[in-house]
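In structure tokens below, several structures.
Next, two complexes with chain A in common: one pairs it with chain B, the other with chain C.
The block that comes next holds the complex of A and B.
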């Protein structure tokens, strides 16, 4: 019943978004494209946090790897998009699998810090390997196929890609694999005693999360016609982490809501003050102190109280 | 009866403190065996060494011809050994149903399945197990919100989902009311009998131990000081001295 309701809601959201270009606002199309990309990015991180119970402080690494890989394949090697985009997901997935292999040997704070350390290593490579990545000038002038060389068409391409990504993540998170990840999150030790190799499962979750972050990164790079070292910096990892926490880690849709709310809030805030990081800090404070289950948790509590009254 | 579990010369110490010393132990298939001893005697450590949670410093643990030392818990479970824990060890934010369902998924090796919805698997078996431990009415409740006694019953269902041949229960009635204790013991006895399980358990309640155990081993300072039938252990002077007390009547 719940699944049917959610499916209906998802179809309605996609249809409403599909009608957005009819409003004729270029600004709205640009904003929606970016929000969609961050929604997928946040959702990918929640595979680790909300399902496997591993809080990564370095998820931007795979966003950047996917973005740079797609940019390099499209522009330096002139690959067609049909090859470059899947290849960039593979590159991001392999990078996540390699890094994850070491990270899942640790847990809790040590896991988080190692994930951050590897992400800073990725940032360092992007910064220093100027010949390939453009270094601190960024990789600019990404060659996007002519078919997508239009904001509206690129919006529809992003909408389609994100919808497929979200659908796949929905399937994975609600599969037997996803349910087992929840058990690992809840009680890793106990999961071992029902016959689950928890380290391998967490490793697989790391690779899945990295692959979908790579897709978000590739979409981001093509949208901006450039990838920059800041995309791999720890602040980017922190921002997507706050998106996930704001939306709520215990719900599949939480990170989608968190990403949309935080991104729109950032755009709104930047119109009035250059101190967005300060606002972000206040939001994080509010989430930690008042909204431990995020906005979705708050909505559930409010609706629970309303139904009891 | 054939020997199911054979432990030889088992040692375990923590930073100089010897928790288990030179333990030799045999468990026959189909036996109900209790391990008793005062707090800190090493009972839980003994279970942890058998189930792979801890690795012994020395010694061998043989389960039906397979050496268990060095194997991870998830591999030991697959050989047919399941356990419960002294402290509640469930998945608190999952539903009661999901707690058992995920154990059945893992037992069937389906936990790598990325395509089949997890909640559609093993419905009938999950319901059967919950009925067995009298938790069918609580199936949709959040596991962490159950009463202590019901959480213990849920742990038992999770352990049974692995379809073990050897079941290790660490203080299965700890923290329970007398009524809950009686119900749980009756339940364990029925399950063990119906499924033909071999049961190894620790317990602090002597009426429970002497009520259901066919054999008893007494651990004291990490050593087995006596092992035998309930009558033999009850009358063992060393056991009386260190554990049961000279004037204990059980």
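The block that comes next holds the complex of A and C.
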């Protein structure tokens, strides 16, 4: 029954979002496009954190790889979008599989740090391989197909892509594979005893997370008409990690909510003060000290208390 | 490459290595005892550099007073952070501790902006170390030679402190079994606080020592923390001499990378780390972790 309720809710959310352009505000459309992209990015990271229990501190790498791959294929090689977008997902997925192969040999803190160091390697390559990536000037002037050369149409394209991505991730997380990951997160040793190849499963999770981060990156690059090395820097990885945590890692929708709330809060804060990092730091402190299960956990606790009363 | 040029580069690499070791050893010490990866360590390093700038330039104090002030200042900041915030998180998940230190990064970066703005500052070499030294066929700045001496001195001091004193035995016991140690009558929270202060003071001292070599500016924390991670990963997390080896490898690879692959020198440390991890996933001197 929960499934039916959830899918109804999902359809309602998508429909409401689809009606957004009718409001006629260019600003709202742009903001919604960006929020959707970050929602997908955060959700992909939660496959690692919330399901496999691996805290990656280098997830921005795959976002950047997907974005750069799509940008380069579209602009440098003039591929059509129908080929460039899937190809960039494949590139991000392969990169994640390669890097993940080494990362999943380690666990916990060692895993986090290795993932971070690899992400910085990706950043270093994007920085120094000027001929291909544009170096620290960024890769600008991405050629977007004429069909998408309009904020409203790009918004619908993003909405469709993100909706498909979220649906796929929902299926993956609730499949036998997703449940196996949960077992690994809860107790890696016991999952191993019942015959689960824990390393292989975590590896697969890493590749899946990287692929969807790549999709988010590709959408981001086309939206911005540019990719920049900052997109691969570790502070970007930290930001998406905070989105996931703010929403809550123990529920599927948590990262979506966390991403939306944090991104909107950032836009809002920047209108009043240049000290967004400090605001973010205070939010993070609050999450760490009083909201360890995120906004979704808070909502559950509040509604639990209300139903008891 | 002639011998003098080669030796000069070796020395520059060593000086960088020893400077990085001072910083990374603090990170490694904190991880070894508290099991917290301190993302704020790079920020502590930046504060160390800012403090020596203020103390030497604005107040006109001698260079080495500035170094001590940087160490003491960071120890004080660390005490406040540990006592009021970090202490509440020891029983929580690793992820929460990691994120807590990242919150400290964000808060301190804006505090630094409020105090020092976004300008670039430079700190001069100390007057006593402005000259050059002839070492064999090469001539080197005295300051770099000083760094090459200071690094091993700090390494040996830390080793004696942790491996050869009663206090060090207590610290090592705290890494093994916190509850048992408390049951034996040791005040564990104080041990943790002192270790966190020493580790953070090392970051401050490292930043102060680095200040004459580099431009003191916002953002210097973000690169150094990743370099420290590389060093401790190469050497083995929580391992003092591993960190020393890791720093040596890092310094030499950066220095010679600039000569042999000039465009890619920034990428070389990551390649080094990759090579080490392929052979030894837990670092040169590290041991496999216990499975969770």
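Couple of notes before you dig in:
The rule is simple: the second predicted complex is superposed on the first by the 309 of 309 C-alpha atoms of A that agree within 3 Å, B and C clash if a C-alpha of one lies under 4 Å from a C-alpha of the other, contacts with A are read in each partner's own complex, and residues count from 1 in each chain.
Note that contacts are C-beta pairs under 8 Å (C-beta built on N, C-alpha and C of every residue); 3 or more make two chains touch, one makes a residue touch a chain.
Treat the numbers as computed from the prediction; the structure is a model and nothing was measured.
Of the two partner chains placed around the shared chain by superposition, chain B is the only one that A:250 touches, whereas chain C remains out of contact. Shared-chain residue A:280: touches chain C; no touch with chain B. For chain A, the partner with contacts to more residues, out of chain B and chain C, is C.
Of the two partner chains placed by superposition, only chain C is touched by A:238; chain B is not.
Residue contacts after overlaying the shared chain place A:180 against chain B, while chain C stays out of touching range. Of the two partner chains placed by superposition, only chain B is touched by A:196; chain C is not. In the superposed model, A:171 lies in contact with chain B only, and not with chain C.
By the touch criterion defined above, A:302 reaches neither chain B nor chain C.
Residues 189 of chain A lie at the contact with chain B in one complex and at the contact with chain C in the other.
Against chain A, the residues of chain B that register as touching in their complex are 51, 53, 72-74, 77-78, 82-83, 85, 89-94, 98-99, 101-103, 105-107, 109-119, 121, 158, 161-162. The touching residues of chain A, when paired with chain B in their complex, are 171-172, 174-180, 182-183, 186-187, 189-198, 201, 204, 250.
Of all residues in chain C, those touching chain A in their complex are 31, 35, 37, 39, 85, 88-89, 92-96, 98-100, 102-107, 109-111, 113, 222, 226, 229-230, 233, 237, 263-264, 266-267, 270-271, 273-274, 277-278, 281-282, 289, 291-292. Chain A makes touch with chain C in their complex at residues 49, 55, 57, 102, 105-110, 112-114, 116-118, 120-121, 124-125, 127-128, 188-189, 233-235, 238, 241-242, 245, 275, 277-278, 280-282, 284-285, 287-289, 292.
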